[in-house]
Structures are given as C-alpha cells and as structure tokens.
C-alpha cells in the first residue's frame, strides 16, 4: 500500500455561498432499447435539457436500479456512456445483465423512468495535438471508448479500436461503429479475430499511436500495464485507463472506491475513473 | 389474553412415511389482468392441473411478491380467491395496491410468472341445510365472499351480499356478480347506498339468514361482533368471519399469525383464517 | 455425490450424525410436521423444534411479527405446551422418523434448564438438545444468560450434568465478545455451538406512534443479519474445537457456503423457510452438485476455507484470541 | 411551518443549536463539500465530518465496501489527513458557512482523544465534536472503548476536560448493555449521545473463498440495521437526560419519525445519502409538512411519543433500568 495521503479534493475552497447549484440527480425516461453484444441492452435515455452536452467520454452516471418501493439493491450502479446525442438530449448506456442491479436495468423498456445521478468523475481527454488514438476495450468496457471515438472522429482524429470478448457473439457489432474506425477484435475462444487476450495486439500499434485509452476488467488493465512497461519507449504514447471499483456515493464522500496510486489513495469516482496507467499501483 | 393452550395441531400423528406428498409451492403464470374497484387489479392466474378444484372459498395462497433477484419484500403475502375456474385451471385474485408487496403484485401483466404457495388455511363452509346466506364484505374482503357466492348459487342457495367501501368508485361493480345475488352497498362518504358502516345493515337480514359470512378489516369485524351480540337470538344464524393477520410461514410453523380465541391462541393460517365469530377474543 | 454427512457431537458417545448439514432452525419449523405436504422434510439433515419451556406458555399478544428491510422481527413469546405435554405429544411421533429431531430448550434459571435436560435425557425420538441461552436469567435481573460468559458456562455445565444427549448451545449475538462466550460453553461441556440467535430490534408504527409489536421489542432475523452472523461464525470457529453450526439469513446455497467457509460444519435455516421452503431443502442438492463441480469429495474440504489459517478451523492459543475479535473502525 | 430547531447541548454555554434535526453522518458526507452541486447542503441541520485521527491514515486496502441485503459493509480504515492537516484545511472553509460542522474524532487511547479535543477547542468553524468510541483501545488489547462503560466514561471525561465545545458521544452497538454505556458517558460529561455506529459484519466471496473486504470485517450500515438502532435509541432515551441523536438505516421521513418517536431529538443519515441524496435533504421539508398535518407546532411534540411513558423522555430511576433493556425470547 502506498504512503498515507491527504485526501483533500482540489475544490475544497468552494464555499457554499459561491458554488454553482447544478443539481445532479434527475429523473430520466427510457426512450428506446436494443439488444447488442449478445445479452447486453443498449438503453437510450432522455435527459433534461442542457445535460447531454456536458457528458464527457469516460464520465459516468449512477443509476438507482430498483423499483420505487424496493430497497434491493440498496446502492446505485455506475454506468459510463456508450453514446451521447446532444441534439436530441439523450444518452445511451450499454448494460450487461450480470447481477441484481444490471439485470433490473437491462430489463427496462421504453417509458420506464430512471433515477439518475451525474455526470460524475473525470473523463478521457484526447489532446488536440494527438492525431492517432488507440483504444483497447474489454467487454462492456467498450462503452466509453465508443463515445470517445465519436468525439475523436468529429475532431478529425484517426481511431483504431481493439476489442476483446470471450466469444464472437459478445463482440460489439462492427455496424455500430463509424466506417472510419479501424476495428480489430480478439476472442478468448478464438471464434473471431485474434485468439487470446486483446492486449496481445497492443504492441503492434504502440509506435503508431499518439495516445492510448483503455477500459475493461482489472486483469485486462493489469496485462496492459505490463505490455506498456515492456514495449513503450519512454512516456509516449500516453496511456489512460478507466478503472472499475465498487462505489457507494459517487462524489468523493465515502472513500469506498479508492485506487492506490503513486500519489496515494485516490477516489475513482472524483479523481478517476480515468488515470494515467503508470500512476496506478496494482 | 386467554389461557395458555397446547398448540398441537390435529394432525400431529401424521408420520412422514404415511403422508401424502402433495407439494404446495408452484410456479403459476398470469393469464389476464383487469382493473376493478377503482385501483384494484383482478389477476387471473393459470394453475398446475389438479389444483383448482381443491381451492375452497376463504382459503388463500401465499404469493412471493418480488423479482427473482430481489429480496424485497422478504415474506410472502396471503391472498384469498376472488374466483376459481376449475374447468380452465385458473384462479382469480383481487389485489388492492397498498404497500410494497401488493403494488408489485397488482402491477403484474399477462405472461409474468408468480411463485405461489397453497392452498392454505381453512375455509368458509355453507352447510347443505342452509338456504339463505348473508355475506358481509369490507373492501377487498369481498374476494372470498364472491368465491363463496359462486359455490352457493351453484348449490341453489340464496345469497345477499352486503358490501362496504370508502366511496362509490371502490365498490365492486354489480356486473361482476351473478344476477341472482341481492347486492346491497354502503359507503363511508354516502356516495352510493347506505351512508355509514356496512355492519349497520346487518340487523335487517339476521332473521332472514341461515348463515352469515364476513371478511374485512378488523374494525369491521369487531363492529359486526357487537351487532351480533345485540341482535342475534341464540346461536342462529351462525356467523363465520375471516380474519387478517400478518403471516410468515402460512403453515402453522412460526406462530406469528395467531388469534386469541376461547380455546387459546390459534394460528390463523391453519386453524383459520375463518373462525366462528363468538370464539374470537377481541 | 460428495459426502455431506457430519457428526455434530464427535466427542459424545451418543453422537449426532446427520446425513447432510442443512438443519431447520428453532421456531421456524414448528414441530417438524408443519411443512410436510409442502416440502420433502426428510431431505433435511435435521430439524430443531420450537423452543420448549418448563411450563406451558400462551406466548405474547399480537402483533407478533413484522417485516423490516431484508429481515423480520418476531416476538412469539415462546408459545409452547410446556415440557411435560411436549414429551407426551411429539417425541413419540418423531421416533419413527429417519430425520433427527433436536429439542430447543429455554428457561429462566439454571435449575430449570437442568430439569428440562434431565426429563429429555432418555426420551426416544429426541436426538439432541439445543440450549437457547438467549433467555433472561431471573436471578440476574433479566440479563440474558448468553450475554455473560460465566452464566453461559454455568447453564451449559448444568445441562451437561443432567443428560448424556448431545448438547448444542445456541449463542446470542447480543454478547459483545462472542468468542469468549463460545469458549465458556465449550468449557462447560457443549458438544457443539450454534449461532446466531436473533438480534434485539424494534419497529415503530409511525401512524399509531407506538412500537409495531405488542411486546415492543422483537428478534431480528433474515438476510439483514447475515453479515453479523457470518462474522461471528468466523470468530467462533477460530477459538473452539467443537463443531460450529452457523445460521442467520440463509436464503440459498451461496449464503450457506459463506457460513461453511467461515468455519461452520453445518448450517441452520430459519426465516428462509417462510419465503421459499422448496428452495431451502433444495440447498442440500445444490450443495452436493457444487461440491462435485469443485472437485470436493467431502463437505469438510471447504469448511473454514475463508479462515486466515485456511482449513480446518483450529483452536487458537490464548494470545491469538484478540485477533479473533477483529474490529477496524470505518 | 413547525419549529424544527433543536439544541443538542442545552446545558453547555456554547450550545449546539441546529435549524433542523437532520444531520449528515460521519464518513458518509466527506468534509461537507462533496455533495455540493448535487444537493442543497445548507438545507441540512448540520453535518459530521469523516473521522479524524491523531496522525494521517491512508486507510485500508481495497475492496473497502460491499453491498449486503438491505445494507452495506465498509472498512475504509479511517483514511484522513490527521488532525493537524485537517485543522489547517477544513475549518477555515466552514467558518463562512451557516451550516454547523461537527468534527468526528477517533483515537486509540484516552490521551490521544483528549489531545485532539484540546487542539480543536478554539478552532473557528468547528461547532461541536462527535467522539467515536467504536475504536479499539490499544491499552485494552484492542477491545473497543464503546463496549465497556468505564472506558466509555473515561474517554468522555478526558474529552470534556480538554474542551468546552459541545460533545456528542457516538455509541457502539457492539455493547451488550447500551443503556449502561449511555449512562456512563452522560456521567462523563457528554452533552448528547448519538447512536448507532455500524455493527461488525463480514461477507465472504464464495468464488474466491475469502472475505470480500480486504480488511475481512467491516461495519454494517443501512436499513438492515434500523430495527437494532431504533431499539437502542428507545432504550437510551429512557435512561439519559441529555439529547439523543438517532441513526442507522434512515432512508426517508418514516424512518426518521421512528427515531424521533423512540426518543431522538435529532437524527443522522449516512448510507441513505449514497442511494438518494436529494431525498435525504428532502426529509427536512417532509418533516415540516408532516408536523403541520399532525397539528404539531414543534418537533419536540413527537419526540419520545412511542416511549412507554409517552413524551417527553425522562431519566429513569435506577430500579427501572432493567426495563430499559427489554428482551423477550422468541
């Protein structure tokens, strides 16, 4: 474990009188659902006016995944954005039905109303000087990278997206991605693309990329970290990863979601979920 | 409180080797839903073959009122039968959306599968010697009395059904009842029928009736008990009431649902829910 | 087909051998026949009767139960026919059963506990006693036996002296130092410990402005208390050499596995029967299938798997005991 | 518009007057600014800071939290910058606020508690101290202060001697006899008591065969513990003359009303903020509307309404105290 740190957030000086009172808890109606990546649901959700344009790739919303009178599950669940449509004031979430929260959420249908809190967290930042972006996705970790891809293409950057999944049917359908993206896949069972870890593909693109962005399960990120240590020359390309930790508050109040970094224990909900890969102490 | 009693059920001598293994927990699919009595739902539910003909009026089923992965609410909720269709193997439940369990249940739609336990409890018994039956219902307490009415009419008995509700829109629609039934109503706000308690109407019918059956909230049953004490001559007509107690097990195992009677504490799930009115110690 | 059998009284010549480790808990399974016709009762490892007292009791006034988030409160008040009527009625029925019947005894003095144990000692149909020490001691101003190590030891020793039946002592979670109580009852001669009984709780009806239960307080059971029960099982399994029976909030196989991995040799299911009786007996088959899938030949292979020292649980040295009371503030 | 104001330190000249009785609980509300931008923080009656320790702490390794039925376990490990850095950073910010800031202090010895209280005594921006006695006492082999009446009294008295600030002592539900602890801290000079802190619990990851939390045990909070918290509030309100602050599982107005009717003069909300922060501040307005609808001019009219002696709660005579520990076995 790292050194003890002083967990004072940057904005400690914000006194109540002077803060912006932008409320982050709102009701949002599901407007459409689609099946994707095998058993996942793509939920398109209407947002209050003025919210959509603030949602950055890698940020997330905390969704209350239960009926109004139920207390189960008690805590919200974080979901990043698969896509944001600012013109229509909607966001799209990609939900894999896994446990109690996600099964509830994946079963919503058009017209259902969600209790949503957000946007929360920091985000992926493709610098304007970067021309070539490499994205590395594991499973539903692809969500924020699709969002980031949309933004990058709009700015004229080139994107290569590497995606790993257990088997072909759980890969993101290429039809979901803009044609300009180079989309390379790997599957654990070899049913499509590279047979093995998606991180095996990374060294081939490290020379090419100006920036690398990754999101996926911890073992994938850990394997990426070791690929980077072995194959990267110096600090280029920069590598940013979005980590997944269980969360309670989502606003830095509980210290339940921290990640051990070279600067000490940092909240993954406020200081993260995106961190430079070399700062994380695995 | 009454004397201590020995709570040994009648069937204590049933040894496991010799018992019938009629399993009482089953999955049942909702086949139709209708709105009734204002905000109530009539749920028609398909039963496994061979179950429907065993369901007697006043008995109940214990329904698990939650999603598969949720634990809220933890315990089942008891519902008596509004109707049973033995030819089609269905039962109909009348559910008023009140708290967590009933709101969940009232929101089910055709195709949903329920986890049901039953039939449980004793039942209303109209003796074959009785020609004229008086029924006294308060709110959703009408459910088992409609079921009993169906059976009584089939046997050629005459039925007068008194129903009380808070206001006209929450009365059972007369169209739900066979034409042979004399249906008399009262409302607390006087918006239809007698203005006041439904039990006020009972004295007029006591001479006429051979047997009286009642189901409704405790205050109604208590008021009925006092009407009976004042107006009944001797033990005729007999009066049986179905009481409502919170339940946990539904099978006599927990002793949580007892009712204080002249014979001591009796389980309302096995010895009840139907008791002769004079045996209850209010 | 893994070996699910377990002996909960290995050092008692009368032993308490169960075909499998899933036991119906006291107060939630009546006298063993109430759930017949609903589930295959004989697929269980054993059942524990409703708590029996020296004299008949009509129990508490109503309401006796109420639901709480993830749990329920009960204040039945030990409604039961008393030890004498009990002995006449139930054990003769159980005698013909393959399923072991364990009798839960509750009393308010050491002498009364001993007297009940003596009366039950040679009764055919009774496989073992479970001593409910979550009872107020009239000689200690109503302080529960199970909240004090010396009182817990005394009750156990008195019951031990009065019967050769296997004795399970059922611990109360109201004790600050559950490990110390477990050690005391082991010293008193218990063959096994079971834990936990209910936590004392209260719900208030805000419309009526009074407690929901007529008794005001009640015992909290169900999934809500599972983390407390697993923690206490984990502590106790580290400090006693006798079998530990874990319970509190088991609603399915995964919950039962938590207790086994925390060091329980068997589990009890209480509140779970109320919601899903079929699923509760089903735990036996699911456990069997799970052990097969994990390549375990015997249940014992996973008992204590989550303990710091791995399996099997072992009695700790005195100077390790502080460790068995893990507490780390938030 | 009912009068919601309350003074939690009526016998302290520095008093602790809140505009309303809804307080954010320690560890669930950071340092008061984290929920800004999400809710109107200044609508609360007060907030309690994360627990501060004599030295900086980086806290426990991950995982630190896990969900349980109706609740959650946490083992943050008191991650905080230590009293000295704390005093530099936060109180100066709070000084400009209308919202009272209560500082939660945790330490492992009486001397450390006293030292922290002394350092905080004259710090502008600090309205009161909450003394977290659910901490292991290094001089008592790790046994928590709050599990023992004498140790609880000693900590309170030492803090009392070190500061004139209002002192709320936060009780641990691990104590068998919570009423005795409350009496002891009142004797030690507490201005108020708050209860309950978390219950010690554990969840086991059955796939990994080890506890979910890196710290193995954690503190159980949320609706699951509400019945225990209400019961303890009800007991304590009967035996102390100082204000009682109730908490544990409050998720909405009805839960808060249970605590008020059990004798709490104010409530705290912890876990509830994580799920529905807007609803938690909303309790203030809902309470106001509810009191109006009930025809109550002041909150005090319902405080203790469910107690056996009706309202207001009163200090009981010593021979009544057994009654304050109601326990009736199932």
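Note that the chains take the letters A, B, C and D in the order they are written out, and that residue 1 is the start of every chain.
What we mean here is this: a contact is a pair of C-beta atoms (placed from the backbone, for glycine too) under 8 Å apart; a residue touches a chain by one contact, two chains touch by 3 or more.
Given the structure is predicted, the values throughout are model-derived calculations rather than measurements.
Chain centres were defined as the mean of their Cα atoms; on that basis the chain farthest from chain B turns out to be A.
Between the CA-based centres of chain C and chain D the separation comes to 32 Å, rounded to the whole angstrom. The distance from the centre of chain A to the centre of chain D, with each centre set as the mean of the Cα atoms, comes to 36 Å.
In terms of their C-alpha centroids, the spacing between chain A and chain C amounts to 46 Å. Shown for chain C are the residues that touch two or more other chains, namely 27, 69-71, 74, 76, 222-223. The residues of chain B that reach two or more other chains are 71-72, listed in rising order. If touching chains are joined by edges, the resulting network of the protein chains shown connects every chain directly with every other.
The touching residues of chain C, when paired with chain A in their complex, are 69-70.
Across the complex, chain A is touched by residues 66-67, 69-72, 99-100, 103-104 of chain B.
Listed in rising order, the residues of chain D touching chain A in the complex are 27-31, 33-42, 50, 55-59, 61-67, 69-72, 74, 76, 79-82, 85, 89-90, 93, 96-99, 222-223, 251, 271, 273-278. Within the complex formed with chain C, the residues of chain D that make contact are 26-27, 51, 60, 68-71, 73-78, 106, 132, 134-136, 141-144, 147, 174-177, 197-204, 206, 209-211, 215-220, 222-228, 230-231, 234, 249, 254, 257-258, 261-262, 302, 305-306, 308, 322, 325-330.
Those residues of chain A that touch chain D in the complex are listed here as 1-9, 11-17, 19-25, 64, 71-76, 115, 117, 245-260, 264-265, 270.
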